[in-house]
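What follows is a short report on a single structure.
Naming follows writing order (A, B, C and D), and every chain is counted from residue 1.
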Amino acid sequence: MTLTLTDARAIIDAAEAKALEIRQPMNIAVVDVGGNVISHVRMDGAWLGGIDIAINKAFTARAFDIQTKELGENSQPGQQYYGIAASNHGRIIIFAGGIPVLRGGEVIGAVGVSGGTGEQDQAVAEVGVEAASE
Amino acid sequence: MTLTLTDARAIIDAAEAKALEIRQPMNIAVVDVGGNVISHVRMDGAWLGGIDIAINKAFTARAFDIQTKELGENSQPGQQYYGIAASNHGRIIIFAGGIPVLRGGEVIGAVGVSGGTGEQDQAVAEVGVEAASE
Amino acid sequence: MTLTLTDARAIIDAAEAKALEIRQPMNIAVVDVGGNVISHVRMDGAWLGGIDIAINKAFTARAFDIQTKELGENSQPGQQYYGIAASNHGRIIIFAGGIPVLRGGEVIGAVGVSGGTGEQDQAVAEVGVEAASE
Amino acid sequence: MTLTLTDARAIIDAAEAKALEIRQPMNIAVVDVGGNVISHVRMDGAWLGGIDIAINKAFTARAFDIQTKELGENSQPGQQYYGIAASNHGRIIIFAGGIPVLRGGEVIGAVGVSGGTGEQDQAVAEVGVEAASE
């Protein structure tokens, strides 16, 4: 079981609508169950540096079946995963905006968002994930 | 002047329709005037290895303002650009499927397609470019 | 549908038996449907340089749903995929020894073997694939 | 003197049994005296992101002849090895789960485990190391 392109588009459309609502252009990416990109969109005016970050937030969320926000809390100095961002050839992002997508209790892909504050990225990603669950 | 997300979607929609017509799932990517990805789509069943190739065919086409097919002809052993694929950190693709998009005589972005034979990739990319020009 | 660790072990055991039979120590790797490594074994005395190659032959065979031997034939100078080895961050191997594993007509993973001549790698990989099909 | 494939399999089997006992799927890797992978196993359901981490915990443990947990303590902000994770092309992991294997007082390889909490990874790696000593 994996996210499909139809799923990815529903996720991106919902996330993009949220980004427009809060007036913050975003990079939005979706990966499948294997961590491979299905689709990516950079809204006009969104960060160039966010292309890589959105894609890799989605990768990270699937690679560890965890929200990147939560992984970040466990990766601060002195915490159990401190240093994890140096692994996986620069593909691990440890701040908010990456969220796994579950169906029937199993992770089947993930969403990654980059372009605003951590809170904005997280809020937009959450709207994307909700669209996937429908 | 650059391609926008609206342009990128028109390009991808047209290219995807062509890919469906020839029954060959494809990766389709669009970059802007700066060579940075605007959007990427992997159709269900398309090559995993084509994600990187579609994106970098588009990058290559903008990076040298040339079709990757034509660059490839100049990059065979003994030709003037032989070895160019070793440059730019693995981002140069020297076979068919990457085409610059022009408006008013200027390159404003590019399309990259990967998933089939060289002829199929080229045909799908051409349909994408035509959609951009309208 | 994907190869599991049980499948991977059956593949590796069969391939290893073949490698012992022809007295050529090998690296043997298996990836899942997403192109991610399930298991790798380096037989005593096998090439150190073959760790990366075996893993990436398996990746390549899944990334393009093709035997690396056949991809190699299409990637010679003047052929349609010439230059493909520069893509995907050095993970594309274009010589014999990587073979997709199919079940019910769909690719569900792949095997990669490195340590001997192209013919030896291919022969050992073929035995691995047969074990997966049983 | 180095770990062999026979040793690596004994290590992995013991570690895997422990992982099953604590119901936490793991990536388990073993490197030889040269720091090169002998074998890697990803249990069904284990993190995709743990492939790289398990292999590189083992590498790190041999590269510095130290447990990655202990190296981590010395790599916190203000400590003597702070920043070491940026070296060796992303192969240095500074949290628990990587342990050198000694025989006759000499390091002859190492084990790396990734998939659970730091405590779980460490516990599984310790069981692997004990199997090597027998």
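As a working rule, a contact is a pair of C-beta atoms (placed from the backbone, for glycine too) under 8 Å apart; a residue touches a chain by one contact, two chains touch by 3 or more.
Because the structure is a prediction, the values reported are computed rather than measured.
Undergrad: From chain B, count the fewest steps through touching chains until chain D is reached.
TA: Contact-graph shortest path, chain B to chain D, evaluates to 2.
Undergrad: Among the listed pairs B-C, A-C or C-D, choose the one whose interface is a repeat of A-B, with over half of the contact pairs the same by residue number.
TA: Most of the A-B contacts reappear at C-D.
Undergrad: Distance from the CA centroid of chain A to that of chain C, rounded to the nearest Å?
TA: Chain A and chain C have C-alpha centres separated by 31 Å.
Undergrad: Suppose each chain is reduced to the average of its Cα coordinates; what separation in Å results between chain C and chain D?
TA: For chain C versus chain D, the centre distance works out to 25 Å.
Undergrad: Can you work out the whole-Å distance between the CA centroids of chain A and chain D?
TA: 29
Undergrad: If you look at chain C, which of its residues touch at least two other chains?
TA: 34-36, 89
Undergrad: Among the chains present, which pairs are found to touch?
TA: Touching chain pairs, listed by label, are A-B, A-C, A-D, B-C, C-D.
Undergrad: Which of the residues in chain A end up touching chain C in this complex?
TA: 32-36, 89
Undergrad: Within their complex, state which residues of chain D touch chain C.
TA: Residues of chain D touching chain C: 4-5, 34, 36-44, 48, 51.
Undergrad: For chain B, which residues count as touching chain C in their complex?
TA: Residue positions touching the partner: 47-50, 52-53, 56, 72, 75-77, 85-86, 90, 92-96, 117-119.
Undergrad: Can you list the residues on chain C that touch chain B in the complex?
TA: On the chain C side, the touching residues are 34-35, 60, 62-65, 77-78, 80-84, 86-90, 92.
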